[in-house]
């Protein structure tokens, strides 16, 4: 598959997961968009799916270009499974608004570690997952600080304490998304 | 294993999953049986496990006879895992009575897609899963319309909006249940 | 890897899972420690992580020494996945305080069976899992009877009805933990 096609498939997958997951957060009151007059797609302000999709694509492409070695070779069917598992975890976080922080962080964190250990238990995927767990929440903290959105549970500098765990899982899968989509099968 | 034995094992598995899953729905108030005087098995009206088991057997047998090609060869241990995963998802749906529809549908849908992509990401299993996601809820809509049972969340013509997703997961697993049970290991 | 190192890694894994899981139970009010003046580690009375880690080590070592045959060869990355899945299930049980018993037992039981069928669907692992599902809750029943701790849902002789299912999953994974950690990869 040509690079451009791979990139388009990744953008499409990230768009579906991002929009559906964010719709869960908005529907459950986990997050709220605070700026009026911004066009929306489904339940998201338009900038959210754009930023998320490009971030996932960047993570997948950089991870591929960096030449980190995969422990498990993933296929296109695996990419569907990986995206579905991340989306399921995204939806689970929308159920945790009244859950004690200890429980929500341990639950999402344990699943995130299991996703990494299942999808590709390599140092490379661990590095991408860890980077995502740091950069993603920092970006969202900046967005919240700018007043564009807010979290109902906001104990981590304005965002939810389990947010790094969700980004960790997404980053682990993104680390091998390029090779999975580009694979012949 | 002889065909008759395979059929009996599938009926038994479907009976366990159907009765235990339905008991969850009744216990949580997700569903209610409305006709008095019908004999019950555990928490189900007697016709439910009969109809469900025969439907699963029919799906498994038709999928095998249709000669659709599996991407992954499944064993008897996998059949236990597949049945257990479907039952776990069945039980999860009993936790979603107060969950916004967006969240419940995305959660159950994402897990259902992951089940298909894990169990057998083939076009054949996708076709069986999709057929189950259409036929199963239609049959339940008819049952509800006849007044035999009801759903507490009934936004999809009288049944729960996540019901097609649950049938999708069950159909995906049923599609390879015959070959998994008949397998030597 | 030398036996002593394997034992230390297993103790460490069990300590992390036990402390984090127990912290979820205490935070959610699922369990409560009743004796004052006992030193605590995180949210646990100090005797709990000690007893749990040694029990997991004993189960892993006895299972290895008994020479039960594994159906699936597990690696260190799998051990991380197995421990993470058991911890996730542990955290899930902290969400079930207001869930009908039928639903909580079926949910945790179905996931426990799926864990066994995924991790190592062997008679040996089944035996260890079953032994854990009997001995673990009996030990906790004795602890509760002695007044050292209590469960908020206590329908099984003072402990939660889903507790055997959680021990079943932990026992299944423990059965192959020694060989997984000792494996070259």
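For reference, chains read A, B and C in written order, and residue numbers begin at 1 within each chain.
In this section, a residue touches a chain if its C-beta (ideal position, glycine included) is under 8 Å from a C-beta of that chain, and two chains touch if they have at least 3 such contacts.
Owing to the predicted nature of the structure, the values given are computational and were not obtained by experimental measurement.
Under the stated contact rule, the graph of chain-to-chain touches is complete, every pair of chains being in contact. Of all residue numbers that take part in the contact between chain A and chain B, under half occur on both sides, making this a different-residue interface.
Taking each chain's centre as the mean of its C-alpha atoms, chain A lies 30 Å from chain B.
Shared contact sites, meaning residues of chain C that touch two or more other chains, are absent.
The residues of chain A lying in touch with chain C in their complex are 71, 99-103, 106-107, 110-111, 113-114, 117-118, 121.
Of all the residues in chain C, the ones that touch chain A in their complex are 20-21, 23-24, 26-28, 43, 77-78, 80-81, 84-85, 87-88, 90-92, 94-95.
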